[in-house]
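Before we start, here is the structure in question, set down as structure tokens.
Residue numbering begins at 1 within each chain, and the chains themselves are lettered A, B, C and D in the order written.
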Amino acid sequence: MEMIINTQKLTKQFGDFFANKDIDLEIYKGDFHALVGENGAGKTTLMNMLYGLYTPSFGKIFIKGKEINIKNPKDAIKHGIGMVHQHFKLVESLSIFENIFLGNEITKNKMFINFEKEKKLVQNLIDEYGYSFSADTKIKDLSVGEKQKVEILKILYQNAEILILDEPTAVLTPQEVIELLNNLKKLQKKGKTIIIITHKLNEVKDFSDNITVLRKGKIVGKAKTSEVSIEDIAKMMVGREVILKVDKVKSEIGENIYSIENVSLKNKTRSLLENINIQVKKGEIVGIAGVEGNGQTELLGILSGIIKCSNGKITFKNKEITCEDPRKIRNHKIGIIPEDRYVDGLCSDMPIYKNMIAGYHYSYSSPKLHIFNWNDIKKHCETLKEKFDIRTNSIEDNVSCLSGGNAQKIIIARELSQNPELLIVSQPTRGVDVGSIEFIHSEIMNCKKKGMGILLFSSELSEIMNLSDRIIVMYKGKIIGELNSKEATKEKIGLMMSGLSEEVNHNDEKNI
Amino acid sequence: DEKDGIKVAMITSQGGLGDKSWNDSGYQGLVKAKEGMDIETKVIEPKDAAEGEKFLNDLAQAGYDLIITMEYAHGDVLKEVAPKYKDTHFAIFNQVVDVPNVVSVVFGEHEGSFLAGALAALMTTDTSISRINSDKKIGFIGGIQSPGIDKFLVGYREGAKYIDKDIQVVVGYANSFGDPNKGKEIASSQINNGVDIIYSVAGGTGIGVFEEAENKNVYAIGVDTDQDYLKPGTILTSMLKRVDLSIYEIIKQLVDGKLQNNTVMTPALAQKGVSLTEMKYTKDDIPAKYLERLEEIKQDIINNKIKVTDITAK
Amino acid sequence: MMKKIFKFNIMKFIIPILLAFLVGSIILLISNINPISAFYNLFIGAFGSGRAFLSTLYYATPLILTGTATAIAFKANLFYMGVEGALYIGGFCSSLAGIYFHGLPPYIHIPIALLIGMITGGLFAMIPGILKGILDVNEMVTSIMLNYVAILGTTYLASFPFKAKDAGFSATEMVEKSAVIPKIFDSSMVHYGLFLSLIFAILIYIMFKKSTFGYDIESMGKNVNFSESCGMQTAKKTIYIITLSGALGGLAGAMEVLGTYKRFIAGFSSGLGWDGLTISLLSNNNPIGVIFSSIFFGGLYSGGAQMELLADVPRTIISVIQGLIIFFLAVDFTVKRFKKIKSR
Amino acid sequence: MEILHTAIRVTTPIALAALGGLFTHKAGVLNIALEGMMLMAAFMGVVTSYFTGSPLLAIMAAFGVSLIIGLIFSFFGITLKGNFIIVGLAVNMTAYGITAFWLQQWFGIRGILSSDKIIGLDPIDVPILNKIPIISDIFNNHTPIVYVSFLLLLITYITLKHTKIGLHIRVVGENENAAKAVGIKVNKIRYISVLLSSLYCALAGVNLSLESLNLFVEKMTAERGFIALAAIFSGKGTALGTYLFSFIFGLGETFQISLQIFDVPGSLIQTIPFIFVIIILTFIGIKNKKNKIKRGITND
């Protein structure tokens, strides 16, 4: 088989730190290649070098056996490399077709953009791949999954032969994941080469042909997928045995501590949430499932105090806390782990130790003058760092230096160290490696054991099913149904998530 | 070092040289003195009024014999600085600073402006003059509204009312002494309102007033220096404030050894400290009877038959 | 510890100054002025003698406050540019306190007048603060607009209702003797307000480093969404921050009025607020940096005056050279300019 | 009608600077140097007209000097990554100084350069327009650059919305990384946007010095550059909004000037345009507030 892309001793150094060292990557034409490794192993760095976003410190890149020099993304595109980034590189205010043609516009008289033609071409492409959106939708109106599709369309349009996807499935719903991977398979059949980075090992097992494993910037293993098991891959990555599925712990389910009653939210044009009613008991994990964009973000916003609801009532331990701001909510001993860790959860440009006290910083300061004793705080943070196994040189580094998994652990450490009585968690393991998932899941289980009430938002069905005692499914801003963990199956939940529920049909009839 | 020649320094007011009026006029006096007498001169343009105190001290210490400050706001400072340098003379304008070695010069701008107002009033309804309409309206445009500027306005208004009680003086301010575009717009607005003679007391802003007066074929009146030449025929006259003469005079007294302590100079009409120009370009537009009338008024003011209000007087 | 405070290393200042002098020299040569004598006088006038240095400190005194004021807002990523306006309001109101309170001893009169300057400056700043905090109206626009309103308004007040009877210009009466901030030395204009400026800069520095409010400011400057999610109540904090910034601006105005002019004079500030803005940016919004940058600016002004006095350099060229120096200071020549593209 | 005619005249320099500044605003460059660019252009225009008597050459010279300032601003701000605000303030400070200095060096005068040798641009009586009743009172008899400014409003709108370069300018400002990822040269686009703003400012400067008047006065731009910036932000970065807010300033200013005819204290009346803008922004803020569901402030 022909080698389409390979590297020799490819190395990337940031200061004294080797993000990649002596990488000899080998990828065959038509391969469906999975690149796996812990958070911070250097996967993104390696791909960014192939795509011309980073200049290698050392080493060579070959395409079809020919050494090439990739100075910028344009060069990469020229050589048939396309990349979908971990953080999308789309311009929110522009439409889909404008994004796809960005940098490569079709013009009249070399000046005016031929919007009509661009739109038509893109619409054809969209139809060809059977997507449901229209070419002139603005990116800001798309769901994450749809944005992903736009990114893929973008590189397909560039006629890429090699498609690099950096954690494409992290933000997708199960259906979307299947759809994406099947699409990629189709592309593979058309002769494209796929390189995919993912932390979800079942995807690796089910779809890839070959695997390369990175650890601490070096290749620690290469394998044919068919010859290894998921456990083997996990072990290669982490360097030890990993428990992939935490066992549900039995805990005393106590009295009701948190109830959401008839919560609704409207914006100027439409209703975003309608009559949400949820109760959480002590020692209980309630999972909220649903396709992204069905009101979970808004509900989480209300519960964590950054959105004021239009109607309804929220009580915690029989005290009404509706519309309180995040500070007060936290003061009631409610821990919040927000959905987007780099937007709401962390401040990337602040040191780790300052992030570790955020939201509780008032209580770390002296009572009268509100002055910090940073030395004490740093000591405290050191212990948190040890306890939660946050891998970093120094807690004085900025969060931006950390990998996703370690960044997430900061939030978890911060919220759990306050011993909350209720934990509101959203997407706790998005983009996090298997080792860290194991850790985070077991931490959540510990909380349950201690009698905390937990409300878990996740787009990861397996996560919801593994952890929750009850599962609530949201659809179009409403609760479409609730399942007991025993009766829940992937299929049942999946159906409800797509809006197909007897209850809903029932309700709709009533409404008419 | 007293012996090696007399050294004279001038500190400009905010706005500095190039204002085509106040500071420039003082500078002319200095230049003229330098030409005629054996003196050394220096001009300082401070960043702001506060820097003045520093310069007053620095210049005195550098051995200047006479330090003239054009900045009104230096009055306070001078009260503190001047007593420290008894051998140095200082000069200040527009106020009386009661320190022996300070020469205070207070111009009678109100008197000159009275004449300007009277002339404007005489002209504004005489439709036999081609640029004049029948409205009894004349204009006044000031730089930044302040008592110093309103001293001109009040004299001007009184002069106009002296001729005809019904004359309306339309007033405008540009909030700047250096925004000619705004001067132009204000003038334009006044002219549209029926004004046909505009007295501009606004430094560089006034240049825009003249420009618009020329465009719209009406008259303007300049100020401080002889600005008639800027728009010959359009600028009816300028209200001269002979800062140059006073400065020359002070320096001359100093050189002649006649400069006395506690000098207060009040150059007004009588002292020829203020006056209207000879109207080189516009004489023929103005009916002779008006010029005669103006001369009478001038004499009346000098003889104290007409009292003009000085709003800055205590 | 020291190293951390003086994060900006000395080369960061020297390279731009040398470059500015190089370009400045060319301009001076073209205009037939000896650059060596000009720059010699600039330096001597700024730092060459005790007297010169005191004069430099005199110029630096209000700049330290306006610089710190700007730093507070800018650090929180709030583009409040209204320090100049607050300076006028504070200056004017403190002058009234200086004039109309009689019979107070200096140790009461001065603090009261200064406090009134601070409070009124702060209240004035609260307008853009509230508009931003509550209605999300762009603070840069409103604060620039209000600067004009402040300058025009105080000019009116000082020209008419509160004009001094004996002044031939727009100014209030002199403040009572008991309200005048005394000079430190008889021979120089620098007054005790200098220490107040330094104290405030240091206090704000400590606030930035040590207090919860400083923490909130830092995090708002870096990520507002995060700050809101952490319960910092960004709307309310925005109002506090802008008000505090305006209060320091008001204090600067009050100090100018009580220490330098001893009365309010219409249009007295030759852009102290704007210089403060430049200074704050040059110092990376760090109050300790602001102190040093302010002294540097003070030197530039003091030396500029000396250049004018002794080297016969016209004022016009001095502002060109001062502009050039700021040009080069804007650039960090010590940073190695390698091509690096951040992935996030 | 007269008021509107004047308002358009007063608006023109502000609107031109603002529309130019819009390009930089969109490209993520805070261009405080608008003021300095205008001033230098006003100066060079007058000087060139003085020596050549040709308004056309004067405009060319204004373009030239403004572009040079734009290049210097870009070099320090974009290439050397200096802080845009500081670089912009430095440009303004240097421009104030250097125009005064050249006046002194070349003409031996300070303050004002005024002469019969300076030929300006005169108002145009537009053929068909002058026949339409009310419209002609407002729109006829303006100077050429006023008409050019209308044209530029349209061109700016179209450029930003419909052309490749306009799209790239917007993208660079909104999401630099996205631009880089598709190979758009971010610095190049920023240079272009600054130079475009230079061209607009050149026209604004010429309008001030050779259309309204035939002269140059030190600092004659009188902070119109800052007003222009305010117009851009108030107009939420759209071409129409920017022009509209420039016009609101112009109208407020005209209104203020007309009101001075009555005897109200001048300094107070002069605050009208500024207070006017704040009030309008407040109303917009109140309206937006109703549609906002999230707590806290946003950073724009």
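The rule we apply is simple: a residue touches a chain if its C-beta (ideal position, glycine included) is under 8 Å from a C-beta of that chain, and two chains touch if they have at least 3 such contacts.
Please read these numbers as outputs of a predicted model, since none were measured by experiment.
Comparing chain pairs B-C and C-D by the number of C-beta pairs in contact, the larger count belongs to C-D. Between the Cα centres of chain B and chain C there is a gap of 35 Å. For the pair chain C and chain D, the distance between mean C-alpha positions equals 28 Å.
Rounded to whole angstrom units, the spacing between the C-alpha centres of chain A and chain C is 46. For chain C, residues touching at least two other chains, in rising order: 152, 155-156, 159, 225, 227-228, 233, 314, 341, 344.
Multi-chain contact residues of chain A (touching two or more other chains) are listed as 53, 85, 87, 305-306, 325.
Listed for chain B are residues 16, 144-145, 175, each touching two or more other chains.
If you check each pair of chains against the touch rule, the ones that pass are A-C, A-D, B-C, B-D, C-D.
Residues 53, 72-74, 77, 83, 85, 87, 89-94, 98-99, 102-105, 107, 110-113, 115, 265, 267-268, 272, 298, 301, 305-308, 325 of chain A touch chain D in their complex. Listed in rising order, the residues of chain C touching chain D in the complex are 31, 77, 127, 131-138, 140-142, 144-146, 148-149, 152-153, 155-156, 159-160, 224-225, 227-228, 233-235, 238, 274, 277-278, 281-282, 314, 316-324, 326-327, 329-333, 335, 337, 341-342, 344. Here chain D touches chain B in the complex through residues 2, 6, 9-10, 13, 100, 103, 109-112, 114, 208, 212-215, 217-220, 222, 253-254, 257-258, 260-261, 263, 265-267, 270, going by the rule given at the top. Across the complex, chain B is touched by residues 55, 58, 152, 155-156, 159, 163, 165-171, 174, 189, 256, 260-263, 265-270, 301, 304-305, 308-309, 314-315 of chain C.
By the touch criterion given at the top, residues 44, 48, 53-55, 85-87, 304-306, 325-330, 336, 338, 342-350, 354, 358-359, 361-362, 365, 369-372, 374, 400 of chain A touch chain C in their complex.
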